[in-house]
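I have placed the structure first, in the form of structure tokens, so that the comments after it can refer back to it.
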Amino acid sequence: MSHSEHSIERDSLAYAIEKHVEVHAQKCYQCGKCSAGCPVAEEMDLPPSLVMRLLQTEKSSNDDKVLRSESIWLCLTCEMCLSRCPMEIDIPSMMDYLRQRSRSEKKVNPKMKNIVSFHKAFLHSIQYTGRLFELGLILDYKRQSLKLTQDMMLAPKMISNGKLHFIPELLKDMPHITKIFKKTIVEGGSK
Amino acid sequence: MKIGVYPGCSLTGSARDYNESVFALAKAFDIELVQVPDWNCCGATAAHNLNRELSLSLPARILATAEKNGLDEILVPCAACYSRLIVTQHELKKNPELKNRINEIIGMDYRGTTKLINVIEWIDASIIPNLEGKITKPFDYKVACYYGCLMVRPNKVLNYDRAEDPQTMDIVMEKIGAHALYFPFKTECCGAGLSVSRTDTVSKLSGKIIEDAVHRGADTLIVACPMCHSNLDMRRPDINKYWKSDFKLPVMYVTQAIGLAIGLTPKEVGLQRHFVKVNIS
Amino acid sequence: MAEFEPKVVAFVCNWCTYAGADLTGTSRIKYASNVKIIRFPCTGRIDFMLLLKSFANGADGIIVSGCHPNDCHYTSGNFHAKRRWIMFKELMDFMGIDMNRITFSWVSAAEGARWAEVVNSTVDRIRKLGPYVSYKQMVNTTVEEEVINE
Amino acid sequence: MARIGVFVCHCGENISATVDCGKVAETVGKLKHVAFSTDYKYMCSDPGQTLIKDAIKEHKLTGIVVSACSPRMHEPTFRKAAAEAGLNPFLCEMANLREHCSWVHEKNEMTTDKAIDLVRILIEKVKINSALQPIRVPVTKTALVVGGGIAGIQSALDIANTGHKVILVERSPSIGGHMSQLSETFPTLDCSQCILTPRMVEVAQHPNITLYTYAEVESLDGFIGNFTVKIRKKAKSIYEKDCTGCGLCTTKCPQKKIPNEFEEGLGFRPAIYVPFPQAVPNKPVIDREHCTYYLKGKCKVCEIVCPTKAIRFDQPDEVIEVKIGAIVIATGFDIKRSNFFPEYGFGKYKDVIDGLQFERLASASGPTSGAILRPSDGQVPKNIVFVACAGSRDPAKGIAYCSKICCMYTAKHAMLYKHKVHEGKAHVFYMDIRSAGKNYDEFVRRAIEEDYVNYIRGRVSTIYERDGKLIVKGVDTLLGAQPVEIVADMVVLATAGVANPGAEELAQKLHVSYDSHKFFAEAHPKLKPVETNTAGIFLAGACQNPKDIPDSVSQASGAAVKVAALFSQSELTREPLVAYVNRTSPPMYSTCVGCFLCQSVCPYQAIEHEDFKTRDGKIIKTVAKINEGLCQGCGTCVALCRSKSIDLHGYSNNQVYTEVVALLNDY
Amino acid sequence: MNSIVSRAKELLENKSVQVIVGFEAGPTGKARPAFVTYPSKTDILIFDERCVQNLAVYLTKKEVKQFGKIGIVATLPIMRSIMMLISEQQVFAENIEILGVSTEGKYLDIADIQVMQGYIEKCDLSNPSNDQETLAMLNKMSMQEKFDYWQNELSTCIKCYACRQACPMCYCTRCAVECNQPQWIPVQANTHGNMEWHILRAMHLAGRCISCGECGRACPVNIPCHLLTMQLADQAHKYFNVYAGTSEKMSSVLSTYEPNDKESFIL
């Protein structure tokens, strides 16, 4: 049970984060160690400590800023922030949640669509073959992201080095995987 | 000696070299690796980015299958898969209700009894103690051991080596005759999660790692993760383009280095599959 | 019939309220003589059963008083007492026992005038409420039951 | 059979003006068990007291109720009178007819009736009072001061100057503590040793102070005024009376490469050594862990060169036992050291140092004679980074508190650096600047405005080494969390101030409480900051929490006054109004069931576990037990105890219950 | 269900515990407590909706403790009772193995006390919903109505102390009612004395009651005495934001305090 139940804005993003992934935004005292160590902080529109600060305000305009940010998609989940955070705030788990929220509220930053496309293509691949079919993934991603020429240089060499299959390996019990996807993604409604 | 193994998707595709070296090493040390039957993908970054339950269900199916087939211990050479599997074990142990929910999704009885070991743990336990007399060509090179993110973080869950300046891989390399360099980029991220979708970012991050290793005079980078390997090796043209340089530093799997040291041929450990030529034999 | 004179017991701590009541005296501030004080070392020592026993023995009202929070001579006795009273009050409310008949207060050693106020307002209130008939009836029926049983 | 006497006082007219004292005396005189009842003008006067004493003797009274003023006023008077007449003083109770009755009510029948009730309540109570013996304690007027840093020195001198004996015990070979290591002190930048050394010498020469250096407290027994302490005087391997402190041995010792503790590892010392030139006493000790003779069985160079033959290789440790009356704990603090910060490479990179190491570098008497030089290559650092809050305010590293002194000493360090390396650049990574204190904030502003120290608000994520430089990866949170990378020559970490190693063990030996960080705990955070929860033991300085010099000295003087006040009397008397846990016959031993919720309400840690065991040592039952020396008698445990196994002398369950019944029922 | 049996068997077989406290089907079709000491007998263990008793009461009983280490089938209220007993030093975590059962009646793999704590924290710890309704109804009554209600209910109490015997938190070897100096509670069963007893009991459980309702079920004359302790459990949460039995380290509501505890009735 959260100790802040009494005073936190119920419809704030910070409240939702606390409820779903048990990350307490007010714990952050803005030392910035996460931003200092984050490998992609320079590329982010909102470095992690700034995301924390925006959440602390519990203002819907700031929550919106976070959900529409590029940062949440640039986060690599490398866990450097968590491993060095003096308050042990689980920023990576929070980022997972923010990404899911950003998608369900249709607030994904347009510039980040291809990152989402890649993740979706990845899951597609597993959904239909049970394992990652790398060639299929690349083709599917290109179709979704319209980045038709990217990695064209890579594929031939991968094939010649024996690193790319042409035919996906199928699981014997594919219905099982289908069922798992049905129960999580389809019924969970976050597709 | 018999032990379970979960190769994961990469090892059957873009990281076949890693797979070959793991199996070659196992064979050389009389270890039978038994694959988890009909294993599926662990879901990797994509799953936990998009759907939490899916990100736990996929690994849970693998683990439940292992349990059903009596595999008490499984080696997971891919650091990314290892991380997903062990995080799943941790989450489900912590929360029995979630465990019930996941069991319902996968329709199996996952109990969480399988012991997961990463490749370094495996080498430590099964290879190093039997190394005596086996080394025919000491690996006399200056190496920069690159652990990446997933071998050491989250430290509290993995409980393996220390989060800052880990040492286990360095010690293994020293055992086969290498000189492990001081290397501060050991646990910096290579950018794996954005490998395909943000090539520029990856080139920048991976480039930093290579640049520092080169600067410190390394003959090769040593890795234990196919994600790291593909970024540092396959993405080399992008990296060189981004950095306006021509880094030729090879990137080897720890298993390949040990393989060479005990006299396996470069081909037996899959070195010919690398993008960046390995001038080490 | 004479006017109803409430019987009120006061349970007070030695260091604050007892001393505060002494100051009321030294300051010659007058208050109703219905209240009689029983001295305790600390409000933490006051057993909730004593409040029940007061009603059972015919009290119409009760005052419980001690040091203000953070001023306890023993650092924390009044904090423990506060929690005990919160729970006790909720239980009494739930069982229909009249909590308007109990005054809980903090009166410091410097608050002589305040003690007189606390006493007077309590006595006035109890006077308006009248004798605690329903509780007394319960106790009396009990006595009767016993007489019959014997 | 109780025989109670009641004495109603008129207090001149203070009571009798509104209360009919005669009627009160007469009415209660008729009550059961009241053997004697009277009223009198002034009970507290000599004749009044004589009246009481005579009545006690004449009527063989078993208890008395003096009905007069507030017990807070005259209870001691009448209890003393009772005692003089041979009646246990705790069989005397007072009814407060003045403050609680005559002064606050009008003259009428109700007021007199109330007076009668007030007396009746106490008659009923006193009937069941028990005869209690006051707890009397003589006071040994010698104080023990543990720790010879600035706080211990100040306390010892202050106590000694009031004319009382002091034993000062210091663990290391010299007094002086951390203050003797410091270069200059904020906010005045005066030389630390210059102001400290005279005090150290004064301690050594004071006739009332016995100084034991290289000594530790072994154990403590007893209670306030009556402690017995065992002190282990570690073998110095020197016969001090013969040693002249010439120092010849220290120059000839072949062991020269032992890291010097005083120099924080930045210099070396021999195995026979004086920690620093101004040490008190200025006589060497042999460090047996490093001495060649103790390690290999031969050498004895020091013995050969000693002109007075003062070396004693076979000297044993000596344990002495001393009786003392009060203790001042002044064991000081420590700072976090190597391996605490793997991400900062601390302990691995030679040029990442801590604050005390920087003090030694900046000190004129230090290893570099006051020049700021890199430990790795002796070069002058051109670019230096100071990291504040290195470990402080960092719950992940187990330290949630602010170390209080770092903001100030970091500003001082940056200033000292700029004063010595004019062309150098100094950066400070900080989270907040906490500079509350006289002339403190002005000092920090000076560093920024006049010495151009670059303050950056943000923490450092990591430090790594490349080409002999230290790459500091930090952030500027005031620029929207922009990453900042500084290529530095040297990094100084203001590591967290922590409790001294061994503080916990010492606290346990002395039976005082300590907090979760092993700092000693004060009895009350505001009103008893110098006292511990154990009577007779006081705190001074940074053993309580990190403190700067002015705070340490103030508290040390405060503690000294507490000791002096205690020593101003020859005997302490304590009222025996303490709690107790009942005991019954085996196999029950007590009705206490051992839930120990009482332990959690007790503010004085007075509740202990008592195990009842079988002959072969198996525990049958564990129950609560009250330590009478610590219990202050608040009775919170009594009211909490569900099985009614705890009771309180003077306010027992039976007594208070009886009072309620007496008050509400007619007579 | 099978998991309870297999886990129980496993624990007894590898001698991790000496006795399993669980449920078995009784001859009349009701569930009753079972004390299984042989692996072969674990088949009698059941768990279904009939199994509502708070088995934790046996953990402090000499007769059960003498077996050695105990495995116990634990639903949420039982887990919370265990937490309370550990925090009050009546049971030691190392002497106990938990065979968890979720609120849906499913087996829960509880590896240790920390896991149990994690589970408890995630559960709804408020009073059972039917009791909540009754409480709400009573709370709506006027003071006199409440007084009459309880006077009426308590007049039937025969002071058999079944409520006390059934409660895992009432483990005192001597109860306050047995104390006669002073005689806090009259010996006889009469309305006023009965009321004093039930107030005493409720206050002694204030902040310690884990809302299992066992006292009410145990009462032979059907006094809803569990409502008294449940009301206080509710209030303890309202005022102090704590539920009893959520941590092995917690001290009960009445033995701790926060300087900023809020109330509105103290002048």
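Labels for the chains are A, B, C, D and E, by order of writing; each one numbers its residues from 1.
Keep this in mind: contacts are C-beta pairs under 8 Å (C-beta built on N, C-alpha and C of every residue); 3 or more make two chains touch, one makes a residue touch a chain.
Here the structure is a predicted model, which means the values were calculated and not measured.
The minimum number of touch steps separating chain A from chain C is 2.
Both chain B and chain D are touched by A, E.
Using mean Cα coordinates as chain centres, the one most removed from chain A is C. In this assembly, the C-alpha centroid of chain A lies 44 Å from the C-alpha centroid of chain E. Note on chain placement: the centre of chain B and the centre of chain E lie 50 Å apart, centres being C-alpha means. With centres defined as mean CA coordinates, chain C is found 73 Å away from chain B. Separating the centre of chain A from that of chain D, both taken as means of CA atoms, is a distance of 53 Å.
The set of chain A residues that touch two or more partner chains comprises 80. Among the residues of chain B, those touching two or more other chains are numbered 163.
For chain E, residues that reach two or more other chains under the stated contact definition are 184, 254-256. Residue ranges on chain C touching chain E, taken from their complex, read 48-49, 52-53, 56, 69-70, 76, 79-80, 82-91, 93-99, 103-106, 118, 134, 138-139, 141-142, 145-146, 149. Those residues of chain A lying in contact with chain D across their complex are 29-38, 41-42, 47-50, 80, 84-88. By the touch criterion stated above, chain D contacts chain A in their complex at residues 343, 389, 393-397, 431, 457-462, 473-477, 480-484. In the complex of the two chains, the chain B residues touching chain A come out as 9-10, 12-17, 38-41, 43-54, 57-58, 61, 104-107, 149, 152-155, 163, 187-189, 191-194, 196-199, 201, 205, 234, 237, 272-275.
Per the touch definition, chain E reaches chain B in the complex via residues 100, 102, 104, 106, 108-111, 115, 118-119, 122.
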